[in-house]
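Naming follows writing order (A, B, C and D), and every chain is counted from residue 1.
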Amino acid sequence: MTIGFVGLGKMGRGMASNLQTKGFSLMVHDVVEAPMTALEALGAKRGTPAEIAAACDIVVTMLPTGKEVAEVVLAPGGILDHARPGTMILDMSTIDPETTDRLHEETRRRGMTAVDAPVGRLAWHADRGQSLFMVGADDADYQRALPLLQAMGTTIHHSGGPGAGTRMKLVNNYLAIILCQLNAEALSLSQRFGLDLGKTLDVLYGTTATNGQLKVNWPNKVLAGDTEPGFSIDLAHKDLTLIVQAANAARVPVPVAAAAREAFSQARARGYGQNDFSAMVDVACDIAQIERARLPKGYTPPA
Amino acid sequence: MTIGFVGLGKMGRGMASNLQTKGFSLMVHDVVEAPMTALEALGAKRGTPAEIAAACDIVVTMLPTGKEVAEVVLAPGGILDHARPGTMILDMSTIDPETTDRLHEETRRRGMTAVDAPVGRLAWHADRGQSLFMVGADDADYQRALPLLQAMGTTIHHSGGPGAGTRMKLVNNYLAIILCQLNAEALSLSQRFGLDLGKTLDVLYGTTATNGQLKVNWPNKVLAGDTEPGFSIDLAHKDLTLIVQAANAARVPVPVAAAAREAFSQARARGYGQNDFSAMVDVACDIAQIERARLPKGYTPPA
Amino acid sequence: MTIGFVGLGKMGRGMASNLQTKGFSLMVHDVVEAPMTALEALGAKRGTPAEIAAACDIVVTMLPTGKEVAEVVLAPGGILDHARPGTMILDMSTIDPETTDRLHEETRRRGMTAVDAPVGRLAWHADRGQSLFMVGADDADYQRALPLLQAMGTTIHHSGGPGAGTRMKLVNNYLAIILCQLNAEALSLSQRFGLDLGKTLDVLYGTTATNGQLKVNWPNKVLAGDTEPGFSIDLAHKDLTLIVQAANAARVPVPVAAAAREAFSQARARGYGQNDFSAMVDVACDIAQIERARLPKGYTPPA
Amino acid sequence: MTIGFVGLGKMGRGMASNLQTKGFSLMVHDVVEAPMTALEALGAKRGTPAEIAAACDIVVTMLPTGKEVAEVVLAPGGILDHARPGTMILDMSTIDPETTDRLHEETRRRGMTAVDAPVGRLAWHADRGQSLFMVGADDADYQRALPLLQAMGTTIHHSGGPGAGTRMKLVNNYLAIILCQLNAEALSLSQRFGLDLGKTLDVLYGTTATNGQLKVNWPNKVLAGDTEPGFSIDLAHKDLTLIVQAANAARVPVPVAAAAREAFSQARARGYGQNDFSAMVDVACDIAQIERARLPKGYTPPA
């Protein structure tokens, strides 16, 4: 049985490579040549979306936004138009709930099935098959997708029925991303106050003020002077836009998220888009003309 | 040697009781009668602020706001006017940096010293001598205050020189309080999306989205249906007001904090002031007419 | 020469009626039957979009969002696919700049032209041929569209080249809509302060605090107790969403607009969506449990 | 009868000069020497606050903040302690409602009276006796203050009973100041969109988007390239701080005002504090790296 895989971007190529090297035969497609060649070197075949739809029972899609999912999968002439009844679309893109719901409706209408399983963690996790997945699917579909997910990741959450994966991803990224602006404000204040950064973290790590970004991501990224993007401000802004839009569509007021999104917009306007999203504290310090927050060499967090 | 203690409120009475029962002789004062009687029952004497100033080398103050510190300690006829050179004021109130700085200047000018050591954690920690302190003091003053602090708490951070304790407390509460609004938005969105709350926490606890409020405080408070105030929305709004004001005075833009503060203001306008600050999620759900977030009985967080 | 007209909604039907009765022969289309019948009664013909494209040199479109413009005009099988070179698309919808730009590019590529001319003022102005238009077009196209615009409105701004009409509309609605939230906050504060509403307006109208909403719209709508929608909160939220999205896409930080949009989202969550957008002050008073702002009978604004 | 006048700052000196030259005999005080000398040259006497309190039936105060009013008028040894029953304090400072209320209570308790009458418009209006006043007073007190007000200004609003003047001023400045941030966002968007500024104003002035700042103040200030402060960003931030604080104390949520205040804080952090508050659009363009908004020479607004 051949598995289709459409979308070999920064995340997708690692995920596809894990599938191929762990025993699945892939037929792959991307708009860019290089990753297709790389997958061929591992034994995968290449095909157009139409060829993939015709040849595969399961098609994995890992695309940038809901717009691409709509165009490649749902639009006239897209994957669904070339697929057989019984086909499963395993969409692992991070997209808007509206498109996810359309995907489930369209596949159901045609006697196919869909699973929404967006991906957590970073590109280097995907490369090593250590991703986290939030899965929205009926039980039978979940079981059918499980072997593939297990080949690509180490943590798999069955978050609920169809659509629950996409929505869980939004809730999770909501917190992870806005925490960056929250930490940015707190640490720029700490810097202006002249507090020692190490002493500040010593306190914060031991109270309910602590958070995953500040504890796990920041000490190795911006606070160590490394702003290379594990997850870029541009991508964070894109996800935040998706989240705020979904919340507004669902009539859930999110004033803090909305304020944070404008801070990310400022960051982009000032040229920080390709920095790691922890660099939001550098943006805050830049705008307010405060010294940047950097840990002294050899800082060890409290046990 | 007798230690003065002014301010026997919800936190102060526990702190004073620990001092008195662990070997210090206190002379105490409050504007309310009951806690003074209770401290007398433990062996403390009572006195006016003037009598305390005259009798004690160290005076602990634990007052509601900077205004009371200014009136009781700094104003004409206040404690400083009745104290001898060499006296140490150990101010443990959570107040504005401006008043803390005035306290340090005024004591220095008179040949006295001051330590700012605001208190973390909740009233029940204070009762058991398990508080956390963020201390702003020169080394010598820190050493002089240390035995008292050790009698009242278990975690003591020497955060820097004079004024650093007050400022560290603001940075810490900044995060702890605003996290409540952040979680409120994320969980009200999760509720509207129809996601299972237990499954949502299962995901969030395992990613960088996690945070001290969501992990430690919330499962035992609002998510368990308990909104009795460990720390009330009214107090959180008061601290947030202090923080936003201090940030504005220091020219540090805090757009997310400012948005969060208005959410706390809404909560108070709608009668939630005496609820625990985790109940911000109930406010969000109330305003948007969403079902409240409550954990199923027997929920166990992932290991 | 027959003019095509697609989109006979609340605004479109009035605009089309004015064209038909002022000497233009229309071929019209809508997804709803009733307004087509009404236009036929005035002498218009009806047709599918494809028939209209084939028959008309100028096609006016007045559609809800950019999505409908993309589907009806730009998509495969849409109007452009059935139109001849030289055709002009006069798009009067309020849509996102991205779709407007695509419209101009697509028409240019096919040897056609386009004009973006979104409509200001309310439905009753459209009914009377008293609309305001912001027009983005090259000079020649502007001249070609002018007779139609003059039949439908009384104020015509040539705002710049292709795309400038859509963008001007967004800037204009930006202010008009957010003013409603600004006035809502100011007047709810005034109410809580116990100030007389008439006296408050007497002051505001005479200083730089005055604004078009407060002066022109509000005294006849919410402040007179009339919340029937001239322009509904739902539509205002839709436009605000468009504006915030366009600003974020253009990297223009808009923190006040973002905060206002969440207030409109709250209004919708609480069931105010079909009220006039001046009723934002009722929402503010409702949420904060303040008495509603209503003018005393017989209030006369200062000369 | 001699009138006392305390506070000869930027506004106060012009107001006092008008009183003195229009027939009132003043006894004046300020902490700065120069304006006292200037008033003496016009025939005024000088005195300490205590001397003024002892000599005058009416004492006008024009001080920077509520803190100075509390210290100079209300504190032990202040003006009230030296004044006779029947004295009227005419406080024209822009201060917090809490201090205004304390002033009314304290004077009432001592058989004196107070009027709160903060001042609108700018310093050059005060110089010419063309100020606007919002007056909070009982009718009798209003009549007693009226001759003085008429000597200093041209527009006098009796806004309600004691405290209504201070509160009306806050509501008015709320709108006038936040309009600047609103216009800043709209015009920075217009600039980024490449719209012609003159054409933009042509549209905005003719719709409900128009507002007093955009119509009256801005064309002569920032849009003409003049950022000399008629009213500075520092002062606007101070007033906005007062307003947001008063709204929070009164439990009136003001999310848009809170967002705007942080924008003013950014402006100050970036060194714009001494610019006119219309220069908020320069701040927005600076932060987002957009070309500044300036009118072409010879721009004439539509009739």
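Quick note on the criterion: contacts are C-beta pairs under 8 Å (C-beta built on N, C-alpha and C of every residue); 3 or more make two chains touch, one makes a residue touch a chain.
These are the chains along with the protein names UniProt gives them: A, B, C, D = 4-hydroxybutyrate dehydrogenase/sulfolactaldehyde 3-reductase.
Owing to the predicted nature of the structure, the values given are computational and were not obtained by experimental measurement.
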Chain C and chain A are one sequence twice: same or different residues at the contact, by the over-half rule? same
With centres defined by CA atoms only, which chain is the most remote from chain D? A
Compute the distance, rounded to whole Å, between the mean C-alpha positions of chain B and chain C. 51
Computed distance of Cα centres, chain D from chain C, in Å: 37
Each of the following residues of chain A touches two or more other chains, namely 247, 251-255, 258-259, 262-263, 266, 269, 287-288
Can you name the residues of chain A that touch chain D in the complex? 255, 259, 266, 269-271, 287-289
Listed in rising order, the residues of chain D that touch chain B in the complex are 76, 237, 241, 245, 247-248, 251-255, 258-259, 261-263, 265-266, 268-269
Of all residues in chain B, those that touch chain A in their complex: 97, 120-121, 132, 134, 155, 157-160, 164, 167-168, 170-176, 178-179, 181-183, 185-190, 192-196, 199-200, 202-204, 206-214, 216-217, 246-247, 250-260, 262-263, 284, 287-288, 290
